[in-house]
Amino acid sequence: MTALAQELAATMRTPLLETRGLSKHYALQRSTRAWFRREPGEVLRAVDDVSLSVMPGRTLGVVGETGSGKSTLGRLVLRLERPSGGQVLLDGQDVASGGGAMSHRLRRDVQVVLQDPYTSLNPHETVGTAIGEVLKVTGGVPAADRPGRVAELLDQVGFPSGWADRKPGQLSGGGRQRVSIARALAVGPRLLVADEPVSALDVSVQAQVLNLFQRLQSELGLAYLFITHDLAVLERIADDVAVLYLGRVVESGPAAALFASPAHPYTQALLAAAPKLGRRRSTTSAVAGELPNPITPPSGCTFHPRCPAAMAVCREVVPLMATTPAGQQVACHLYPGSTPTTTRQPHLVNGAAAVAHPTPSPGGTR
Amino acid sequence: GGGGSSTTAPEASAPAATSEVDTLKIANGVAIDTLDPAENAANESIWLDQNIYARLVQTDPTGTKIVPDLASTWEQSADGLTWTFHLNPAAKFADGSPVTAADAAWSINRARALEGGWGFLITPVTSITATDPQTVVIKLKTKHAPLLADLAMYAYGILPQKAVEADKDFFSKTPYGAGPFKVTKLEPDSQLVLTRNDSYWGPKPKISTVEVSVVTNDNTRVLQLQGGQVDVIENPPGNLVKQLSANPKLKVDLFPSTRVDFLQVPLKSKPFEDVRVRQAVKAALDLDAMNTLAYQGNAVPANTFFPYKMLHWAESIPTPKPDLDKAKQLLTEAGFPNGFKTDLITVSGDAAGQAQAVVIKDDLAKIGIDVTIQSYEQSTAYTNERSGTNGLGLRYWTNDIIDPDEVATFGADIKGGANSFSSYWGDEATSKAINDARSETDEAKRGELYAQVQQTIADQAPFIPLAYAPFRYASGAWVNGFQVSPLGNYNDSLLSLTVGTH
Amino acid sequence: MTTLVDPAQLGSVRSLGRARWLRLPLPKVLRGKFSLIAGLVLLAAIAVLCLGAPLFTSASPLDIDPLNPLAPPSPGHPLGTDAFGRDLWARVLYGGRYDLAIAFGATIVTLVVGTAVGMLAAYVGGWVEAVIMRVVDLFFAFPFIVLVIAIVASLGPSLRNMFIALWVASWVGYARIAHGQTLAARRYGYVVAANVLGYSTPRVLLRHVLPSVAPLVIVFAMVDAVGNVLLGASLGFLGIGVRQPTPEWGAMISEGQAYILSNWQLSLVPGVALVVLGVAFSLLGDGLADVLRAEQ
Amino acid sequence: MRALGLSWTRLANLVPVLFGITLVSFVLIRLVPGDPATQILGNRYTPEAAEQIRNSLGLNDSILTQYGIFLRSAVTGSFGESYQYHRPVGEILVDRVGPSLLLVAVTAALCTLISLPLGVLAAVRRGGALDQGTRIFFTLGYALPAFLIGIVLILVFGLRLGWFPIGGYGTGFGQHLYHLVLPAVTLAIPFSTVLVRSLRASTINVLESDFVTIARLKGISGWTVLARHVLRNAIAPVAVVFGVNLAFLVGGTVVIENVFSIPGMGSLLVGAVATRDYPVVQAVSLVLAVFVLLVNVLTDVVHRLLDPRLAVAVTR
Amino acid sequence: MSAGAPMDSAPLLGERVGVPDADEVVPAPADPRERGDVLLQVSDLRVSIPTAAGQVHAADGVTLTLRQGEVLGVVGETGSGKSVTCRALLGLRPTPRTEVSGTVAYPSIGVEDITVLPSKRLRRLWGRHVAMIPQNPMTSLDPVRRIGDQVAEALGDTVHGKAARRERVIELLRQVGLPAPERRLDAFPHQFSGGMLQRTLIAIAIAQNPALLVADEPTTALDVLIQDQILGLLLSLQRDLGTSLVLVSHDLSVVSQVCDRVAVMYAGQVVELADTATLLSSPRHPYTRALIGALPGAVARDEPLRVIPGAPPPLVGLGPTCRFAARCELHEEACDTWATELLTIGSAGGPATGTASHQSRCRRADELAAAPPTTQHQGEQR
């Protein structure tokens, strides 16, 4: 972490962005019969009671499998979607109740970078036009200064400013992603919501873009809400990590601690399953089973059918967030404080001998 | 009473050659609207009615006089206000039951009472009663010259009262009357089958079946005839007349009709309220060219608004010839030396009318009148024309009876209800002449009155008669004796017609 | 009739230019665009002939000659005359102007209106979308064109009323395509980004959504143009096309239809003209589809 | 019901559409100038008579009252009496529905016969002679007005060769079918252009899809792949195209019914509007709408039968 | 990723490949397989696809050898020609007009060059001797047919009788770890998750116990936990059945976990080929080295990642010289004139003979051994 970012983090106690119990429940279409019988419609809890915070200048990484609600969380934060419950706070202020001024501020302070580099730029506009348009619409920059500012922004993301008159079709994936970032930077945001910004890129290009993200953070003091399913990427870029499973946060905490000693069996499985360079794998796998149907999630802890450490209580009781000694927040009955009634005798159901271990210990200097 | 009685029963026809083929197939262009004679409106259906229902009296095949039908004799009282009809005792309905005076009185009263029906023609009638099973008495409040002609109308066909009252769907199933044919199959949109009525009291037709099909497309009808699929078709396209006639296996017949095409003039609007303008228009029109292009020369240019050769038609009135100098002069006098612009409303889909319109546009352009042709489908076209303010319009008239009273009242009597063919033209003298003629029983005097009316219309030109168009039929050479009367009926010819193999 | 094509299928419209034996020794850039070029050339030829009609005939399309109806071809009348003695060649040339007007006029209006409605529905969403799309369903579910034809017949045949009929009949196709494309575009990153950047709705729709909606809509318009001309011809056939003596091709075909047994050229000549126009638009549509697909 | 993927919701959704159609057609036709009384009276028109008729037909009531009366009668299945035909509208409809229905059915069958082999084979032998021939034929077919095709077919197959009757509808089912061959061919030509095109496109799509590659890599024969995997997948989307264009097919019947003198619904509607026969217009609109909607439901069912993904609402 | 690219080698119907239908010499089944025999010999394979922009040389001089029971990894960035090359191994070409030269031979089953086989003979190889596991399981099963039928179809004529076939299908599905297979036979593909579909596709591929499985990025579309399961499954099947496996991936970590040997592809060429450990510990091509260095875990967090500047060249009109030159940190002028060849490391200058242990296309491969990567790559240790 850079000195500047650290300083910022220290001085500002209020998170730049905070979600409190944020939920998004999609109501699925009800059959007419169900409607007549006044049966409640089915609900897909894409995001369920998620509380997170992003400190200024820091990166919160969000990780999870397909359908775990990562993108929905991003859309909620960007107010592209109306939450079914909970709040989004910007500098401690509720975005929803802030009125027009607040949403204006949100649009200035929070910007987005999306996954697919091939659709994230308008194929009919040149790079220069696209960024110039932001400057024009969001105001502040007089027409005469715009070309200069565009060049400056492109420069900042390492995009050859001589290419400003190129169209996205003439750019590589990495080039487009740079331009997307420049476009977001044009309004001068403090937070970037980046939804899988490097997932579609090849390693070599991914490395370029990751470097760019890190450089911009140190130069501009940007904060990131960095969404990805790639643990290796997260390990590199995130200060804090939240692990989502079926719309709920199962574990969160400082990245270093989380990668060093993942607390939740799900996190452990994720880490164990991630391919590692040069390590020959065996024919066994980290966990068995598939992701359950999100419309009818398992009772209790939603991970229990796949969990090697599942106990009877896991089937019935939704675990609460508990704090581990290493400092993570975890929702798992293995940890004291997660089970509302503490007297229960844990016994194993899924046949695993003990808490899933060993946690692969991350090597290298960090 | 004078002229009121005709004594001869229908002539017994000689036992002529029977028909080789006993079915006649006719293709009509229009669907059957209904076979209830009181409600018919489509000509094609009306012409079919005549084969099914007998009336008290009927029009002879030449369309010039009234001859007996169910009533073999009749007489009127001295004051002309009471008419007594004696029914032919042999008359039977197709189901074999006798035709009674009660049936007759009921049928005529039924038709006359119908709203929007034909009662208006015989408004002087106060009562129609059956005094005994064979006698019908009709009482009038004023003398009414056209009475017999009216009663010969299809609308006053005599129906079997009990059967009609018993079945409200009588007319949509297999209706019958006392005519030479009865209906055995009715699909109003596609097909009607008439079968010989074996109870018919008159001479029996030589063919046993008439199949009438509905073929709306003109070309398709011609093709069906060419392909031998049908024997007779109505209205072959005018332009094909020459070609069809050249085919030795086919023939085209043109029968004089009561149709009068006329140009409606909007008297309530600016230039046309001036009689000189109307005369100028009339003088500019080339009726011969119109006849050539619209009817391939098969019509007769019209000289008056009375149907061609109808009773009291004023033959002596000259047919207008184009006289552009006179027309221009009249226009100049009226204050339009350079002409003006106007619309001409036509009915779309009416090929002859469209052709006439093209010629009129061309003719009037020569005297500086710039015509824009508008075409609408019929209902809109007539609604527009009727206001008398919307430009020129092309319309036509056909008579339903052989008496001129109908056309005179509609065309020239501003009080007649139709605003003189919606021209809103009228003068006291003409209205009076028409009224007098109606109750005048001396045909010579009536003739004078009607001549006067026709001359006035010719001079005043509240509308301009254009052409007397014939009925057109094409048939196979194998059909012998198909004939159409000026009112459009062919029922008489079906009695004697024969069909050969082909 | 007018929208005899599933919008969704248009993307796969393949080109006549694929025909190996039809391949001309064209410059490389044009090779894949045979259809486009052929369509453009054909259309241009028609346009030149029709718009420059006075250059190709000295006869008037309207002057009647009662003495010379249905004349066979002669030096004065290269294709003969019609039932009013009007020069057939002149009528075909001048008449094409109306058909070009129908092809473009009717199509452009529905293109603009239908696209706007479809885009708005998809973008605004909610009950607005529900209502608009129900109306679109309504038009797709019911042969409104029949009703409209009938009603236009009542209002009086004229170019204006014909346009009304065509407009009413064919905007829905565009609305459907535009709706589908806009729904897809809404998920595109650059549209999401435009929202996050706080761009106004008109700006997002016009500058960002429209360009991705336009190609399919334009290709569809080419097909629709043919459909419109054909529908116009059908109106003429039912006697409710443009009014006499306007020499519109559809009206000419239907006028000539009465003479099909004696003077078939009266329908054949405008019929061929119509087919050529149709083929031109078909080729153009195919070519555009290819080119636009290649661009993407 | 559920097995066919139909739900009450799907059917219930039709009600507002039907309602909308009746309302729109009701209002449209009454906005148009012209007057039933004019039509009924013809030559006998006098303003007084016309007024009397309008009163007796209830045309002087407010439009809402009239619509209410119509709705009430429609629900009970009676549509009043035709002004022009003086017959109950229901009866007229019964006569007219058959020919139209049969025409559309025969056309649909013909289209299937034409399009299925042509579309699939053109796609399989892309660029081949059949493909090119089909293309050219259908490019021309699409640009030709249907009535011209109809007339030419009559001239050739009716008059010259005498194979088929020249228009008309005949008596008895067999004759009906025989009479409908030429009109159905006429309608099928333009309609098939669309089906062949979309079938060709969808077949190409399927041929290029991953699962066809995988199927072929099982080592089974090309025909087997075509029959088992390509055909059904290619037809499914075309069923939708068919449904979408059905209304236009019904529209096309108006012209064809005229050319071939078939007493169907289309010509009845046009005639009824022309004569301001309001009860007939209303009833025909409703029946046509129900018909088109039902066929759309049917194509939906077919689509669902062909494509199991649609059988149950999938939420993933 | 190039999704849904048409992969149509021979016409679906009819014989339109300009090759006479050679007499049906149906090769004897490969079993019993001897581990270590050469199964596949690819020599100078070139695939060139005509496009609007010109001929795309998707595979350009690929030479490879695969032994019985071996797992060969193919890595490379998007568009480097991995899929095209691998499908050519099965006799598939991306478009009908694609030109293929060089040979792909299966000596043990008597196929001298699969790329010129008529479609009838190809069909006899497919399923029985060679099979493929596709990248996108969601689109690789016929959506309108039941799972059981689709698997049964892959049995060919190895099993007869309805009941026996059903038994075999269940057995296969159980073998690939599909839970409760007997209850899933009547399911449709859309009722399966991606992982289950991929298992089904693997069952289809191994149905006739082929000698070679080509898996084209079999886990790219899947989540990390499922990827883990599928890779484990593939590995165990390969071990149990003695099948050879070609595993394509753009993820070096995946390949390095599973494969015995790895071929690194760049712009249509194999630039380096070595056994996995050697490749990771002493890469002899700058591209391989850079690829390893670019992994997110390669360096410490506060140090920028090693990046490869620029982007791969388009595969149109490339010359014989090094295609990586423009991005290469070791590039020198001499590279611009040297026509690259896949050289065996050690036997400097000599062209590679397929089975040699370590090959590279870099002129300076030998120098690379001396000069270790500027920074030690870190990821290896984790």
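Each chain gets a letter, A, B, C, D and E, in the order it is written, and its residues are counted from 1.
Criterion: contacts are C-beta pairs under 8 Å (C-beta built on N, C-alpha and C of every residue); 3 or more make two chains touch, one makes a residue touch a chain.
Being a predicted model, the structure only gives us computed values, none of them experimental.
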Considering only chains that satisfy the touch condition with subunit B, which of them also satisfy it with subunit D? C
Between subunit A and subunit B, the fewest steps along chains that touch one another: 2
Tell me the chain pair with the top count of C-beta pairs in contact. C-D
Roughly how far is subunit B from subunit C, centre to centre by C-alpha average, rounded to an integer in Å? 45
Whole-Å distance, subunit D centre to subunit E centre, using C-alpha means? 52
Could you please state the distance in Å, as a whole number, between where the Cα atoms of subunit B are centred and where those of subunit E are centred? 90
Subunit A: positions in contact with at least two other chains: none
Return the residues of subunit D touching two or more other chains; collapse runs of consecutive numbers into ranges. 32-34, 151, 155, 258, 274, 276, 316
Could you check subunit B for residues that touch two or more other chains and list them? 219, 223, 376-377, 379-380
Would you tell me which residues of subunit D are touching subunit E in their complex? 124-125, 207-223, 225-226, 228-230, 232-233, 236, 306-309, 314, 316
Mind pulling up the subunit B residues that touch subunit D in the complex? 31, 33-34, 36, 39, 41, 115-116, 118, 120, 172, 187-191, 213-217, 219-221, 223-224, 226-227, 229, 376-380, 382-384, 386, 397-398, 400, 410, 416-419, 422
For the subunit E and subunit D complex, residues of the former touching the latter: 4, 6-8, 11-14, 90, 92, 119, 123-128, 131-132, 134, 136, 139-145, 150, 153-154, 156, 188, 190, 193, 201, 204, 207-208
Going by the contact rule set out above, which residues of subunit B touch subunit C in the complex? 218-219, 222-223, 237, 239-240, 243, 286, 289, 292-293, 346, 348-349, 351, 354-355, 357-359, 361-362, 373-377, 379-380
Taking the touch rule as given, give the residues of subunit D at its contact with subunit B in the complex, in rising order. 32-49, 52-53, 56, 84-87, 91-92, 95-96, 99, 151, 154-155, 158-159, 162, 165-169, 171, 258-261, 263, 267-268, 271, 274-276
